[in-house]
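Several structures are given next for inspection.
Two complexes follow with chain A in common, the first pairing it with chain B and the second with chain C.
For the complex of A and B:
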């Protein structure tokens, strides 16, 4: 048991650092509201870690859109992004991967850390359900 | 060669499970109608596997420069009206069935595309496109690329796509391979059907605003290289206000 606790103490900060890197990269910027949620509940069995950023004004959103190659003004924009470089689109080959979901009308971008196919499915369900309910 | 594919599908609504999710195991009836040039084909699909195969075929057609449009039997035609940006490399999909939209989104995203989805009056509308990664610099282009095809899209003054001309070198009897070297030189190797080869050498440049120039590239110079994925490169250029209307050129290359 003691060895397990020591192992967890060693591993947990590494996981926390990996997530906080994305959070910190946006938290230090002006005109952005940034939130980080660990274990965000998608359904009864699936949870994911997510960083959410909201641009406080149109100019900041335009800058974010340019950085992340977001085109369009309506609907939900999504892609699989490199875990360290969210703007870089990647194919599904290995995990973890970021699934980035942006809402231009809300000036909001969510970065979901996906580790499994079932998380991916649950997130798609969650996204489409929310879009349907919003109408 | 000019072709437009039109697909119409009909899907029965699926029941909910206890969590409110759609169950994806119900038999569904689909009628597919597609046209290539002036030839129309009607096809019935009975299984999910047949559907997957057809989606793959249509996606390949779209990658080859053909316009792929999905229609839903329960609504009016979903128009492709995304302006020049959308015409470049967009694949569209429209359905009333949430599970089908989910599967399509997943397929597109897994292939490295960016997906835009909206929901309106019971219908999901999706568009997927390739996006340039910020890493699309000179070093990304260095290497050998197989010239797959060129497409010229004709757009009338109202912004309507009136036709697409597709040119595939290998349909004409030869293959073309471009090798971009990091010293700024470029080599084009053309291989004919009889196996004979011809080689041409020149130079290439990529300006800071993303314009690629080489006199060996087909259809002239000054190409926008915004459309790079891992192994596919699409160059594009728009000639606006010509006597033929607006012309949008696309060249597709696959990395060797």
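For the complex of A and C:
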């Protein structure tokens, strides 16, 4: 019986996939719909985790915009954000960063966690290729 | 020998008999229990490996692995689709 309990204790952390700190920090807030898409596929070899926040109303969006220093009313904005402080704009480095895309018209913000240079390249390729196809 | 003495003797004999039976059957019972635990452990390992293989294959066929959401109402595929659309904003 002890062996079974030990095995279950070993298996549980493997089975239960973790939610990111970013997801947890927004998921408990009111008037926000928050989702974490783990392993979002960019190409055959690269996947990233994405946290998406949707504000339920304009007031919540205004509050969110203020927190993340999002200027402008209509056009979407994007930046590279610090992994712990997404509002803080950073330049690309080898450390993990967040690619943040905010769309005021959708009242939505998406955070793409980039851990490696190849993930960053794949993300840019994904944007380029899909924009070409969209045209 | 009184009737009471006989009853006491009978009870003692019965208790000793059970004791012997238990002593004889205990190792078998332990063996059987160990076998069941081993089988359940092996089954758990097989199921876990099979599940991980299955989910790996499933992940490769989808553009996402897992979705968490603090509310119901939107499907996992819709969230993955929104993640893709936001990149094209």
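Everything below uses one rule, namely that the second predicted complex is superposed on the first by the 103 of 135 C-alpha atoms of A that agree within 3 Å, B and C clash if a C-alpha of one lies under 4 Å from a C-alpha of the other, contacts with A are read in each partner's own complex, and residues count from 1 in each chain.
The working rule: a contact is a pair of C-beta atoms (placed from the backbone, for glycine too) under 8 Å apart; a residue touches a chain by one contact, two chains touch by 3 or more.
Since this is a predicted model, take the numbers as computed values, not measurements.
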item: Partner chain in contact with A:120 - chain B first, chain C second, else both or neither; value: first
item: Partner chain(s) touched by A:43 [first = chain B, second = chain C, both, neither]; value: first
item: Touched partner set for A:89, first chain B, second chain C, both or neither; value: first
item: Partner chain in contact with A:23 - chain B first, chain C second, else both or neither; value: second
item: Touched partner set for A:59, first chain B, second chain C, both or neither; value: neither
item: Partner chain in contact with A:131 - chain B first, chain C second, else both or neither; value: both
item: Partner chain(s) touched by A:76 [first = chain B, second = chain C, both, neither]; value: both
item: Dominant contact partner of chain A by residue count, chain C or chain B; value: C
item: Touching both chain B and chain C, residues of chain A; value: 76, 78, 131, 134
item: Residues of chain A defined as touching chain C within the complex; value: 1, 3-4, 7-8, 11, 14-15, 17, 19, 23, 27-28, 32-41, 47, 50, 52, 76, 78, 101, 103, 106, 108, 110, 112, 123, 126-127, 130-131, 134
item: Chain A-touching residues of chain C, taken from the complex the two chains share; value: 37, 40-41, 44-45, 48, 59, 62-71, 74, 76, 79-80, 82-84, 86-89
item: Residue ranges of chain B touching chain A (in the complex, touch as defined); value: 19-21, 85, 98, 101-102, 105-106, 109-120, 124-125, 129-135, 229-230
item: In the complex, chain A residues that touch chain B; value: 43-44, 67, 69-72, 74-80, 85, 87-92, 99, 120-121, 124-125, 128-129, 131-132, 134-135
